[in-house]
C-alpha cells in the first residue's frame, strides 16, 4: 500500500510548508474576484498575508488565556488532518481529525463566555452537523468506487470517480460552501462585517490568535480542495480545472445569494445528503453488491 | 486457583458482602465492607484476566438441581412480592405480566421439569466473559466505592428520604453477583434467573427515593423488562418443546444448533435483550430510571445491566448473521441510535442526556450484533468496553457536580472549569472519550463504518451512523462548551469532595485514556481470539492508523502544556458586548435601565429534535421492525 | 423550563450603522423578548431654536439626518412659510419636489443596500450603493453637497438648476431606471432573498394603523398613508400613486420601497417636464408668529415639524416627530417571536433612522 | 397649500374621553409633543390623523400634573410619553412600557423644562 | 517590514452623528471608493480592529460605549474622528446633551473635517492615521522590550 | 425560477471594468459647485461681522482690533451661509475640502482692507 516508506512523510511536510502559502493565495484570489464581482478593484493579491502579518504584530487580547490553547489546538489539528490527507492516509481518520480541530474552534468560542461567540459556537456546531454526514458519505463513496479508504490508493486509481459519484460531488460542493464560510451558509462567522453575529465564533479572538485562525483556514482550504481533486484524480489536469471551476462557483454563489438561516442550512444540507448522497451511494451499492458478484 | 473457582467466587462473594452490608448499621463499618469487597472483587476480576485470557472457551459443570430449585423458589418469591406491590400501587400491567410469567414458569416446570436432564455445562467462560467480568468487577466495584460518599451527601441533601443505605448497598452487591452470574452462565435457565434478578435490583434501586415519580418510573422499568422476561420464558418453553431433554438450554449448544432451531429462541431472547438494553419502543424506561441515585445510573443503567441486554444479543449474533430477523433487530438498534442521539440534543438534564446517549450507543451495539459479521462483532465488543468506562465516569462526574452545585441541569454547569477545575477536566476527558478522535468511541465508530461497508445492507447503517454521529457531536460539544466557558468571579467548590470519590474518578479518567491507548492490546489479547473462535477469522486495524492515532493522542496530551509557554501575559479584556459596560464581568445595564445578568444557554432545537417529535415515529418504526421479526419467526415455527 | 440566551444587541454593532440597543432574550434562536433602548444619539438640538435665528435654524434642521437632509430642510421651511403666509414661487416648489424625490431615491437605494446587507447579501449591497452614487452625483452637481445639500431656505431655494441640466438629469434617470430594474428584480424575485423576507416580521393592517406606523412600514401592511397626497410643494400638480402591499412582512415593505423608486423617478420626470421658469425665492421679512404642524412624506414616512413662533427671531419650539419614532412601537411588535437572524432584517425593514428619532 | 389641522384645547380630565373618541372615530396617533409656554407650564399636543386631517388635542399642564397615559388606547404612545417625561419632566401615569427615565438619558435633567435665551449655556 | 500599514482594519461607531458622516464612511467601502484597495476591512468588531472611526459627538449615553469600544481594541490602535461633530461637536456643539468632540473621552489621532466628511477625505484621514499607527507599533515594541509595562497605557 | 437572480449582474460586473475611482491616484470627484472650504479675501473684508452672525455653527471669529478673520475648520459645516451673506463677496467657497489633521487649529486671515476715505460713515461701522 505504501510504496516508499518516506513518501507520505515527505508529502505531509510539503503540505505543512506549502499549504499556508497556497491557501493564502487562494484567499487573496477569492477577495480579488469577489471585489470584481461587486464592481470594485479589490485588495492586492497578497492582502491575506499582510493581514496575518499585521495580526501577529498586534497585541494578544484575550478574554481568558484558555483561548490560546484552543486556538493553537485548532490550528495544529487542522494541519494534522491536512497532513494526514496529503500523506495518503485513511479518509475517515482524516475526517475525524478534521472534526476534532473544529471542536477546538468551537470550544475556543465557548470559552470566552461572550454572547456573540456563544451563538456563533452554537451555529458552528449546527454547521458541523449539517455537513458531517455528507463528508462521511464522500469518504464512503470513494471507498465504494476504489475499495479503499486510503487517499494514497484513491488518488492512484484510474477510475473517473466523479462519474460514479455525481450526487456525492454535488453534496460535497455544499459542504464546501459551508466550510469556506460562503453565503448562503456563512452562519457562524463570515468574512464580511455586517452580520447579526458581529464575527460569530471569532468575535472574541484578537491579534495573534486571529492570525492562527486565519492560517488554519488556509490549511483547511487546501485540504478541502484536495478532496475535490480526488473526485477527478484520474486526470490531474482536469482535476486542477475542476478545482478552479468549483472555487469560482463558490465565489459566484457567495455573491448571488443571501445568508439563509440555520434551519434552512441544516435542512438543505441534510436533504441533499439524504437524497442525492443516499441515492448515489445506493445505486453504487446495488451495482457492487448485487450486480457485480 | 482453578478458573471455575474464580467464577463461583465472583458470583458468590458479592452476595456474601451484600448480606454483611444488610446488617452493617454504622456507616464506618459499611464503608470498610464496601471498600474491602470492592477491592477483592476488582482484584479477582483482574486475576481472572491474567489467568484466563489465553484459555479460550471453557465450560464447567456445577451439579445444579438444587440450584435450579432454589432459583425457582426465589423467582416465585419475587413474583409474589411484585404482585403485592403491583396491586398496592395499582400497576396492573405489572400484575398481569408477573402473573403471565409466573404462570408460564410454573407450567414450564410442571410440564418439563422432569424431562429436562441436567446440563453438563452450567458455567462457562471465554474472552468475552472476561471483558464483561472486568467491566462488572472493576467499574462496578469502583462505583460502589464512589456510592459511599455519594449516598452520604445524598441523604444530607434529602432529609425527607428515608435513609435505607444498608438496603441500598445490599442490592448493589446482589446486583453485582447477579451480573457475574449472568455472564458466566451457560444454562439458559440460569441466565433467565440472573436476568430477572437484575431486573428486580434495578426496580428496587430506581424506586429508592420512594417518591411518586421514582415509584412510577420503577414500575415502568419493571413492566418493560418483564415484557422481555416473558419473551425469555417463551424462548425457554419453545426450546424445550423442540427438545424436551432440555439439552438445548445450553447456550453454546443452542447457538451451534443452526438457524432452523435457534432462530426462534434467538429472536425471543434478543427481544428480551432489546427491552433490557432499552431500545426504541422501550427506551422510556431508561430515561425514567434517571431518578435513581446517580451511582445506580452509572452502574446499572449505563455500564452493566443494560449491557446484559446487548451481551445476550452479541452472544446470539452468530445465529442472526445474514438473516432477515437479525437485520430487523439491527435496524431497531440503528433507528434507536439515530433517534436517541437526536433526542439527546433536546435535553438539558445531564443525566437524561447521558441516558439517551447510553441508549444510542447500545443501539449501535445492537446494530453491529444484529448484522453480526465478524468485524462488526469486533466493533460491538469494543463499543461495550469504551462505553462502559467513559459513561460511568461521566455519570459519576455529574453526580459529584450535582452535589456541589445542587443541579443536574447542564445549563447550571457553566464555567465549571473555574468552579471545579479538576472535575471539569475529567468530564472533558470523559466526553472526549465519547465522541472525539482519537478516543475510544470514535475508534469504534470508525471501525463500524469500515465494517458496515463490507456487510450486507451495511450502507443503511453507515448512513444512520453518519447522521446519528453528527447529532452525537452536537450534544456533546455544546455540553463541553458549557463546562469550559470561563465566567469570571467564580469560587472554587471542589475542596469538599471526599478523597475516595477523587480516587474513583481519577481511576476512571485514567482508564478512559489508557484504554484508548492500549486498545490494540485488548483487541489482540481478548477480542480477536474470541471472534476467531466463533468466525474463524478476525479484524485488525491497520498498523499505520494505530500509530497515527497514538500520535494524535500524544499531541492531545502535550497541547495543554503549550499554555505554560505563553511568553507574555496577554492583555485581558471583557467579552464583546456590543459596547455595553459590564460590571463584575457579566452584569450590564440593559434596556429600560434594567440591570441584567448575561445568560448564555445552549441550543436545544426542540422543534427539530424534541422527544415530542421523534419519540412516536421511532416507537412505531421499531415496533414495526420487531413485528416483522416476529412474523418471520412465526413463519419458522409454522 | 426555559433556556435563555441574552444577547446585548448593539449599540456598537456592525449591522446597525446607527446605535440602538436591544436586549434580546432568546430561546435557541427564537426571540422571546426584545426590549429596545435608544438615546445614544440624542443631542437635544431642538433646543437650539432658542439660540439660533429661525433663518439659520434651516442648517440645523437639515442636519437632523444626513439621509434625507433636504426634506428636513424643506419641511422646516415650508412650516415657517405657512406660519408667515409666504407664497413661494412655483419654480422653487418644483425644485424642492425634484430634490425631495432624489432624496427618496437615494434613501431607498441606500436602504436597499443596508437591507441586503442585513441578510448577508453583500454583492447586492454593493450594487445598490453603486447606483446610489449616481444619485449623489446629481446632488453634488446641483447643490454642491453629496449628503447635506443645503439648498433650501425660507422663501424658496438657494440654487436654481439650469434647464439644460434638468434635461440631462432626465436622460440620466432613464439609464438609472434600467439599473434599478435589474436591482429590484433580485430583491423581489430571488429565492434566497424571499426566504429571508417572506413572512418575517409580519405586521397586520390593524396593528400598523393603530400603532402609528407610517411610510412604507404602513403601506407594506396595506395602510395607504402618503403625505404627498396632501399636496405640499408641487405634489398637488403631479400624479402621485400610492404604492401598497397587503402582506405586512419584510418582503412587502421591501416591495413598496422598490416600487417607490420607480414612482420617484416618474415624479421627477413629471416635474422636469412641467417645471415653469421664474424666480426661485421671495424675500422674507419679519418673524414667524403662530404655530403650525407641517407634515411631509419622508422616505421613511410621515414627518411632522411642529413649529411655534412668538414674533421674535427665535422660535419658541421646534418639535420634530420623525417617522422612525412612530415606527418603533410596530417594530417592537414585529420582533416578538422572530429568529435572531431576522432581528437585523426586521429592524432594517422599518428603515430606522435613529439620528432623527432622537434628535 | 395648507394642510388641514385643528387645535382643540381640553382639560386633563377630558383627555382620556377625547382620546377614546378619536380612537373610535378611527383616528391614528400621529404624535404627542410638548411645548414650554411659561414658567412651569406646558402645552401638550396630542395629534391624531385621519385621511390627512390632523386633529390636535391640547392640554396645558404643569410639571406636577399627573397626566394619564393613553397607552390603553394607543399602545404605541409609550414612546412619546416616555419622551415627555424624560425631556420635560411631565409625570405620566400608567405607561405600558415605562422606561422610568431611561428612554432618553440627558446630561441635565428635563432639559426642556428650562428656557434659555441666546448666548447662555443651559 | 510592517504589515500594519497594509492591513488596517476598521471599526466604526456612530456617536451622535446625523448619519451624514456615517453613510459617507459606508460609501467609502462601496465600489466607487473601495477602500479595500488599501486592505481596509470594516470588521465591525473592536477586537479585530486597528482603526477606530468615530462619527458624531459624544453625549451622556454613548461616552461609555465609545470608551468600551476603544478599550476592547488591541494595541496598537488609532482613532480617527470623522466630521466636525466628532472633532468639536460641530453645529451641535452647544446642545445640552453634547459633550463635545470624541477627544473628550478617548485620545484622537486624526480629525477629518467636513460636514459631511467626503469619502475621499475619509480615505485621506485613514491614510494619515496609518503613519501614526506605525509609530505606535514601534513605541509598543520598544516598551515591551524595555520594561514590562502594564498594557493599555498608551494614552 | 427565483434562484440566482443576481448571477447575471455578478457575471456582467466581473467581466466589465470596476467603477472604482482610484483616489488618491486619480483625482477626487468634484463639481464646480462642490463645497470644499471657505476662503477669505482679506483685501475686501470690511469687518462687518455679518458672516459671524450668520454662521450657524459659529466657526468664524472676527477680531477687529487685530484685524484678523479666523475660521475654525473643525467647526465649519461648509454650509455656504457666510459666503451667501457676505456683503462684499470677499468670501468664496473653494471646491477643495480641508485636509485631515492631527491637531485642531484655526486658520487666520489678515484683513488688509483699507477703508476708502469716506469720512461720514466712520463711526457707524464700528458698532
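To keep things simple, chains are lettered A, B, C, D, E and F as they appear, and every chain counts its residues starting from 1.
Definition applied: contacts are C-beta pairs under 8 Å (C-beta built on N, C-alpha and C of every residue); 3 or more make two chains touch, one makes a residue touch a chain.
Given the structure is predicted, the values throughout are model-derived calculations rather than measurements.
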{"item": "Chain A to chain F, fewest steps along touching chains", "value": "1"}
{"item": "Common touching chains of chain E and chain C", "value": "A, B, D, F"}
{"item": "Graph distance between chain B and chain E, where chains that touch are linked", "value": "1"}
{"item": "Farthest chain (mean CA position) relative to chain C", "value": "B"}
{"item": "Most distant chain from chain E, judged by the mean position of its C-alpha atoms", "value": "B"}
{"item": "Result of counting contacting C-beta pairs for D-E and A-B, higher pair", "value": "A-B"}
{"item": "Chain centre separation (chain B, chain C; CA means) in Å", "value": "65"}
{"item": "Euclidean distance of C-alpha centroids - chain A vs chain C, Å", "value": "43"}
{"item": "Intercentroid distance (Cα basis), chain F paired with chain E, Å", "value": "24"}
{"item": "Chain centre separation (chain A, chain E; CA means) in Å", "value": "35"}
{"item": "Shared interface positions of chain A, touching two or more other chains", "value": "35, 37-42, 59-61, 115-116, 118, 193-195, 198, 203-204, 206, 255-257"}
{"item": "Per-residue overlap in chain E, given as positions that touch at least 2 other chains", "value": "13, 30-32, 34, 37, 42-47, 59-61, 65, 68-69, 72, 74-75, 91, 94, 96-97, 115, 118, 151"}
{"item": "Contacts with two or more other chains, residues of chain C listed in rising order", "value": "5-6, 8, 11-15, 19, 29, 35, 37, 39, 42, 44, 47, 51-52, 59-60, 63, 121, 123-127, 130, 145, 148, 190, 192-193, 358"}
{"item": "Touching residues (chain side chain C, partner chain F) in the complex", "value": "52, 56-57, 59-60, 63, 121, 123-124, 127, 130, 137, 140-145, 148, 150, 158-159, 182-183, 185-186, 189-194"}
{"item": "Residues on chain F engaged by chain E in the complex (per definition of touch)", "value": "18-24, 28-29, 56-58, 72-79, 97-104"}
{"item": "List of chain C residues in touch with chain E within their complex", "value": "11-15, 17-19, 39-45, 47-48, 51, 59-60, 63-67, 69, 110, 113, 125-126, 129-130, 132-133, 136, 145-148, 353, 355-356, 358"}
{"item": "Touching residues on chain A, where the partner in the complex is chain F", "value": "33, 35-42, 252-253, 255-257"}
{"item": "In the complex with chain A, residue positions of chain F that touch it", "value": "4-7, 10-11, 13-14, 16, 18-20, 22"}
